[in-house]
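Order of writing sets the chain letters: A, B, C and D. Residues in each chain are counted from 1.
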Amino acid sequence: MAVSRPRPARLALVRRLAAAAPVPVFVARGLGAGRADAELAADRRLHLVGSPRQATVLLATGRFPGRLGDALARVHDQLPHPRTALWWRRPGWAEVPPALAGAAAVAELAALPAALVAAHRALVAGGPSAPDVGPDQPPQPFEGRGDHGQGGEGMMGGVPWGRPMAMPGEDRDGLALDELSLDLGPFQPGFPPGLVAHLRLQGEVVVEAGVERAGGVDGGPAVDPVTERLGEPGSPGGRARAEARAELRRVADLCRLGGLGPLAARAAAVAADPGARAVDAARLAAAVRRSRLPARWAGVGRVGGIGAGDRLALALARAEGALARADGGAGTLPPAPATVDPDELAGALAGLDWGDAVVTLASVPDPSEAPRPAAAAASRAP
Amino acid sequence: MTPDQAPAWADVGFWVFALAAVATGYRVFRTDSMVRSAFLLLASFLNVGAVVLLLGGRYLGVALVFMMTVEMTVMAIFMVAFMMNPAGLNPMSMVHQPRLAVVAGAGAFGGGVLLALLGEFPDRPRRAGADVIAALGSQLLGRSMLVFETVGVTLLAAMVGAVALSSRRSRFGGPADEGSLPPPLEPGGDRYPAGVVPEPAGGHGGHGGHGGHQ
Amino acid sequence: MSLEGALVVAAALVGLGLWGALSQQSIVMVLMGVELMVNGVILAAAALWAFAAAGAPEGQLLVVMAMAVMAVELAVGFAVVVALYRCRQVDMTDGLESLRN
Amino acid sequence: MTRVLAVGPLVVAGAYAAAVARLAAASAAAGHGLRGLAAEPLRRAALALVQQRLATERPDAASRALAPAVVAALAAVGLALVPLSRGWVVVDAGAGIVVWGSLEALAIAAVYLHGWSANSLQPLVAAYRFTAAGLTLLLLSMFVLIGVALPAQSLRLADVVDAQAGLWNVLRQPLGLPLFLVVALGITSWPPLDLAGGADLAGGTAAEASGPGRLAWTAARAALLAAFAAMGAAAFLGGWHGPWLPGPAWMAVKTAALLAVLAAAGVRLAGLRAEALVARGWTVLLPLAFADLAMAGLVAQL
């Protein structure tokens, strides 16, 4: 929470240098836009950051109904001053979340990088910083009951300041150590839109998990309009290209999560290239294999029979096959992995450590990102 | 440089580090966060390490810093392992028999001071220019080889013992905690710490047995 | 910088350590008290080595021994804490009247 | 005493070199050009200075400020220990290798302090898993460094460099340098072994750090990485020994080369997960370090 006003940097040189720095962008994924923002990794002028504390610009993509809007407001206030928000807003998304009331809106994905850079420069040059949306206080009061006033009995239990107290529970070594409860998501970088995991942790090991989709299962167009318009809707080439693009966005997300920013940038560049060929995807796949990322994640988060590493390799293979088909070749397109039931996913999280749990949640196929035929998407559009 | 020929800045440094060692040592038991306690104790060790360096223990001072840093980091980890609570949430005091402790501590200090001031110590400062590191090395691997080896074997035994003690498997193969019960919260009482009740006792009892949430 | 000064500081550290070890309830904090006492012992040994033993290498050896004692104490101490915690969810001295069961 | 004044510029230059090496490696791996990279660290630093420094709720403020300062001080000590040329070293410590070991241990403690002091979960988890791996790597580093002390029969770094006049340690003990670089990456938490950072924890111990606080933390770790590279150059690559160029130039070249290797590993290799790193540390790397030490002893006897 903000406690002090930004210090004005008097040196013009510092401001000039700061304006020329890569724009630190924190992306909050809403419903209806899938992982489209992953393509921004290809732009050198942007720096997709993992924590809102680093960013100057909050990029909100999609719709933020209900609790997603509240979460967005909290993330918005976590950005340090000077800050601003930008909304990737398609025509037809009427509901305006409180955090984006004063935010500039951009409708085209292709126009986003320039808009982000312009917003950053204006901000650093001394433009107005976005004020807090919510009050600067914990999500709920301390409670005032119990021996220590935390709301539980004795020193145990209670939800002081809205945060569950750590409680002992069984663990894998038979030591009943304290457990900590927390929510992961919905704006964890790399996660599908709206995905929230409720975790109970001992150390960094997940003891118990629940998975839900904040704002419900994506009710908007499952296909993002940009992807669909790449080819003629319904034509085989356009459809294959859209599938390749969705897979490459996933690859970019996963590479970034694996700490391989440069590979994420390459994947994003192939995804954003309307003339990408199968050989580009093949080269990317070779570089990803050489990084040993699929091998490192081989056994991580087995859901539906395959682990996170296999899912990454599969996404790369599918992208290559789809691009070959888009060019009229006879590429083999492996079948897409089945989407996963939230309960099954939650079961798979128990016993994983933090990093593995995040990778699992980010890599499982999500109903919101699989492109569907244009007709189906159109019939669901609000 | 022998202690006698030490320049004035070494004298000042000695007292600065010495007083800092005592001050941080006191703060160890006067802070409401156990992680902070561990790091304050580390600070006390670092200051003593600096004093030992000033006294001419060029290897000892550094080795003290090295060993104590590792030990205190492990200590801090233990704190967090047993109470997953960053930076201290509920400040509280966890002390008992405070009067006895103060008397004993003051007594030990007084005895030490008397010993220091009244004791007859030979005045034989160490020679300047001697290679203390080489001397220690040849002592460890020469005349005192037996001591060195004993220390090594003791450390090994401690490691094996520590693993055996803390492992879940008992000597007889089963879980070491099989059939064991936590003590009740009050001696003879029937309330047990939360989560480990021998039978469902409804809700969470007050929790005196566990280290609490500092 | 004198032998007496160093010994007084060492005595202060030992006294503080004893006070802490006796007054603290948490076993880990008791261990810290003991460590602080050994800290004082190390300082005293180093001072005697430098001022009263003509820099005999045995003095350094004594300090090394004290450090080893500390390592052993910590390893076994933590192991005991883990074993106790496993059996009883206890890490406080008052929770342990006996080691039976 | 005037040599102490050289430490400040050395730290700044080290941090800058490590930052440029990382940016250049990332740019090359992404298929971008290298143009304009020299000023890039300055731009990022300027941006951090413009940004607000946020405080978390009830942090351990003293520790939070202390942690970057400690790491920067350790980097300064590290760079001061390494001989830059024949007879030119800022601090000629008789037990230099043990000082280096203490420095590594204190660096681990500082990272732990940084993660713990924010009073926030992601930093704490990061500090926790980093320390578990860091203590493993510390053991590894001690065996490797004792290995380089053997041929010199001294714990003094100047003697270690002198002993490499004929044959560099990297040839005498081929396992040593790779193991030392693994330690360097792990203890400075630099990609690919950035257990205290990491995208899965929103930046790890620095997840709550913004503006100047984040800049201080990043720059201090970069300087520490440069100190590790300089130490690697002195302990394994013959330090200032080399034909044609003067000693300091050779040190600079070798340090830069090691920084480039470290940076390239960071952008091209996926890191090990915490559990895998600890497991492999004990089952693979530690036996390798034993083998390295045994080999160093045998070679030193010949």
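Methods note: contacts are C-beta pairs under 8 Å (C-beta built on N, C-alpha and C of every residue); 3 or more make two chains touch, one makes a residue touch a chain.
Computed from a predicted model, the values in this text were never measured in an experiment.
**Q** Need the central chain here, defined by C-alpha centroid distance to the all-chain C-alpha centroid.
**A** D
**Q** Ranking chain pairs by contacts, what comes out on top?
**A** Looking at every pair of chains, the most contacts join B-C.
**Q** Measuring centre to centre with CA averages, how many angstrom lie between chain A and chain C?
**A** Computed value for the inter-centroid distance: 50 Å.
**Q** Roughly how far is chain A from chain D, centre to centre by C-alpha average, rounded to an integer in Å?
**A** 32
**Q** With chain centres taken as the means of their Cα atoms, state the distance from chain A to chain B in Å.
**A** Centres of chain A and chain B (C-alpha means) sit 45 Å apart.
**Q** Roughly how far is chain B from chain C, going centre to centre by Cα mean, in whole Å?
**A** 5
**Q** Among the residues of chain C, pick out those that touch two or more other chains and give their numbers.
**A** Counting only residues that touch two or more other chains, chain C contributes 82, 85-86, 89.
**Q** Give the residues of chain A touching no fewer than two other chains, as numbers and ranges.
**A** Those would be 168, 174, 176, 180, 201, 203.
**Q** Where in chain B do residues touch two or more other chains at once?
**A** Counting only residues that touch two or more other chains, chain B contributes 59, 63, 74, 82, 84, 89, 168, 176-177, 193, 195-196, 208, 210.
**Q** Given the complex with chain D, which residues does chain B contribute to the contact?
**A** Against chain D, chain B makes touches at 33, 35-36, 39, 42, 58-59, 62-63, 65-66, 69-70, 72-74, 76-77, 80, 84, 86-89, 131, 133.
**Q** Of all residues in chain D, which touch chain B in the complex?
**A** Residues of chain D touching chain B: 58-60, 63, 93-95, 98-99, 101-102, 105-106, 108-109, 112-113, 116-121, 123-124, 128, 131-132, 135, 138, 155.
**Q** For a test of understanding, state which residues of chain A touch chain D in their complex under the given definition.
**A** Listed in rising order, the residues of chain A that touch chain D are 1-7, 9, 13-18, 20-22, 24, 44, 49-51, 53-54, 56, 78, 80-82, 124, 138, 180, 182, 188-190, 201, 203-204, 256-263, 265-266, 269, 290-293, 296, 300, 353-356, 358-359.
**Q** Touching chain C in the complex: which residues of chain B?
**A** 3, 6, 10-11, 14-15, 18-19, 21-22, 25-26, 28-29, 34, 37-38, 41, 44-45, 48, 51-52, 54-57, 59-60, 63-64, 67-68, 71, 74-75, 78-79, 82, 94-98, 100-102, 104-113, 115-117, 119, 121-127, 130, 132, 135-136, 138-140, 144, 147, 151, 154-155, 158-159, 161-166, 168, 176-177, 180-183, 187, 193, 195-196, 208-211
**Q** Given the complex with chain B, which residues does chain C contribute to the contact?
**A** Spelled out, the residues of chain C in touch with chain B are 1, 3-26, 28-29, 31-33, 35-36, 39-40, 42-43, 46-55, 57-58, 60-61, 63-65, 67-68, 70-72, 74-76, 78-83, 85-97, 101.
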